[in-house]
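Listed next: structures, encoded as structure tokens.
Next come two complexes built around chain A: one with chain B, the other with chain C.
And then the complex of A and B:
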């Protein structure tokens, strides 16, 4: 039990996927302009990464391993993730228009978000079983959501400030991310 | 200028993928802790990029337009798998240092971006030159970022000590926050001396990432990768 909680906490805070491992930087910087959009993206990411880690884990254990073709994992995972996102999108559109309306436009953006593939590959590398894979995927995605919502709330305030010209745009966003990253390093001291 | 040499100049300077187009930020931030890591990652990506540009350019008339993106992903993923296995076999220290970021070359924006913006419209030889130019541009930028971080954070350059022992290195620069700071510094310098970059794309447009655009057919993908 303790080990499972540790996987979630470590995914979300200690090894934060964006601020510590630099996966999903593109959407972290690109969609963090407004709070609402970044929160929606965050929830879509939680949804997709959790499902993708589960599917990737099942595929690895029951298809790739028995046939001895583990080296095919990169190709298989990226195709499965792309297909999965499409299926999830179609399913939500049909069965749950309310969720689709709030997450829909973000789902395609996530297809090649490197965090999704990164989590699936890291899980396999760590030799996690099915349950651990799902939890680690969930934890990582929660970490992504925390980071992007925090950055969005910082950026909303930066927008009002009078900055020196060379710092406007990307540099100040990157500096804010650096300060957040320093803060998140503090979680490295967490122990159970 | 000869159009083949022009491709090299274009990739290295005019449209440098990292410093000017602001593509492929994930590996740039992640593996630039050491100058040598930057070279390793840069050259691995260059190898994949040259081959993927070549294959995609050769197949540009054979691949139907509707399924071109899934086809590109399969081509790139296969090349990345081959590269990963070769690095694991012959350069174990590089494999160790770069870890998960080698398979993640698949989702590097630069590769799908070049396939979509250049290789599927041009001859194989030009596409290879484009791959070499873009790849080397990426390698130079990564090495530069790695060098700055290594000197500031560790007092060494390419593993050799350059700062005197009496100066305490700023360890934060080899830690994750240093990556954000050094890239921010690069953009500030380029802004201050008036070099136009596509940084607005990085923070405001089209998810900032043309791999996403390429796969989802975002209408702005032409604009981002041009």
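And then the complex of A and C:
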């Protein structure tokens, strides 16, 4: 039980996917202008990564391993995750228009997010079983959501400030992200 | 060698299965959308500018298909797009009454004055925030051009301190109506010209001091009108466009010439 909790906490905080592993930076910087959009993206990511790590884990254990072709995992994961997101999108559009609307454009966008693929690959590298994969995916996605919502709230405040001209726009966002990353390194000292 | 074959076969199989799954779910979970919606969408310009008041062309198309938005609601596509959409929706394009914006003020720099020298952000909405009346007339056009800024068609110009709408360019999207902090802008039928070009609700003598072009509420127009279309409320004449026949008698009698006669284009260029 302790090990499982550790997987979630480690994915969310200690090995934060954005601030510690530097995955998914594009959407982290791109969609963090407003709180609402970043929160929506965060929830879409939680949704997609959790499902994707489950499917990737099953695929790895029951298709790639028996045939001894684990080295093809990157290609197979890309293929399956992209298709999976499409299927989930169609399913939601039909069965739950409310969720579909709130996730909106982010769902197809996440298909190509490196964080999704990165989590699936890290999971199998660590030799997680199915349950651990799902938990690790969920934890990582929660970490992504925490990071992007924090950055969005920082950026909302920065926007009102009178910054020196060279720092305006992308530079100050990168500096903020870097400072957040340093702050998150503090979680590395957590011991259980 | 066998690894290559196994890999190829397995990955191909995975790809085929995934493809079939996509086809299956695509069929099974197909959402029936109104075929008119996509037809309307094709006739919209696709700028996603939001000038129609919807979140983008897709949202606008959905609203038109549902009948929640008028077929001529797209300011960018103009009459051409409106006609094509009207055909798709099966409505008469002519039945879509074209509206234009009209600024109910003619207080130019020649007839009225500013009482404060506002040097803040050049925007009417921020100019009213300081609580002072920048213009002497507290109902009049400020002339900082919030309406000009929102107009997607460049149909509004500030001429001598008063916003003037170019009726040929205006598509009646109503963005300026929302933008004006003093509520000076109305939408009216494009073929209607007779209108009161003032919004001042002060009593006559007060208006005369503030602005030589303002409505003084003398009621001469009300007495002239044979159709019960002009009324003076709060010392300000208002024309009921549904009753007005544009005979022009009120405009003739108006002592301050604040009512636009039928011949001249309203919001006149000379203003």
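Criterion: the second predicted complex is superposed on the first by the 192 of 192 C-alpha atoms of A that agree within 3 Å, B and C clash if a C-alpha of one lies under 4 Å from a C-alpha of the other, contacts with A are read in each partner's own complex, and residues count from 1 in each chain.
Keep in mind that, in the parts below, a contact is a pair of C-beta atoms (placed from the backbone, for glycine too) under 8 Å apart; a residue touches a chain by one contact, two chains touch by 3 or more.
Note that this is a predicted model, so its numbers are computed, not measured.
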Which superposed partner A:54 touches (first chain B, second chain C, both, neither): neither
Partner chain(s) touched by A:178 [first = chain B, second = chain C, both, neither]: first
Touching partner for A:91 - first (chain B), second (chain C), both, neither: second
If touched residues of chain A are counted for chain B and for chain C, the larger one: B
Which superposed partner A:80 touches (first chain B, second chain C, both, neither): second
Chain B versus chain C as contact partner of A:72, first or second or both or neither: both
Partner chain in contact with A:121 - chain B first, chain C second, else both or neither: first
First, second, both or neither for A:63, with chain B first and chain C second: second
Chain B versus chain C as contact partner of A:29, first or second or both or neither: first
On chain A, positions contacted by chain B and by chain C: 72, 75, 79
Residue ranges of chain B in contact with chain A within the complex: 22, 25-27, 29-30, 70, 73-74, 77-78, 80-81, 84-85, 100, 103-104, 106-107, 109, 112, 172, 175-181, 183-185, 187-189, 191-192, 197, 199-200, 202-209, 211-212, 214-216
Contacting residues of chain A [partner chain B, same complex]: 19-27, 29-31, 33, 71-75, 78-79, 82, 108-109, 111-114, 117-118, 121-122, 125, 165-175, 177-179, 181-182, 185
Contacting residues of chain C [partner chain A, same complex]: 3, 6-7, 10-11, 14-15, 18-19, 21-22, 25-26, 29-31
Residues on chain A engaged by chain C in the complex (per definition of touch): 59, 63-64, 67-69, 72, 75-76, 79-80, 83, 86-87, 90-91, 93-95
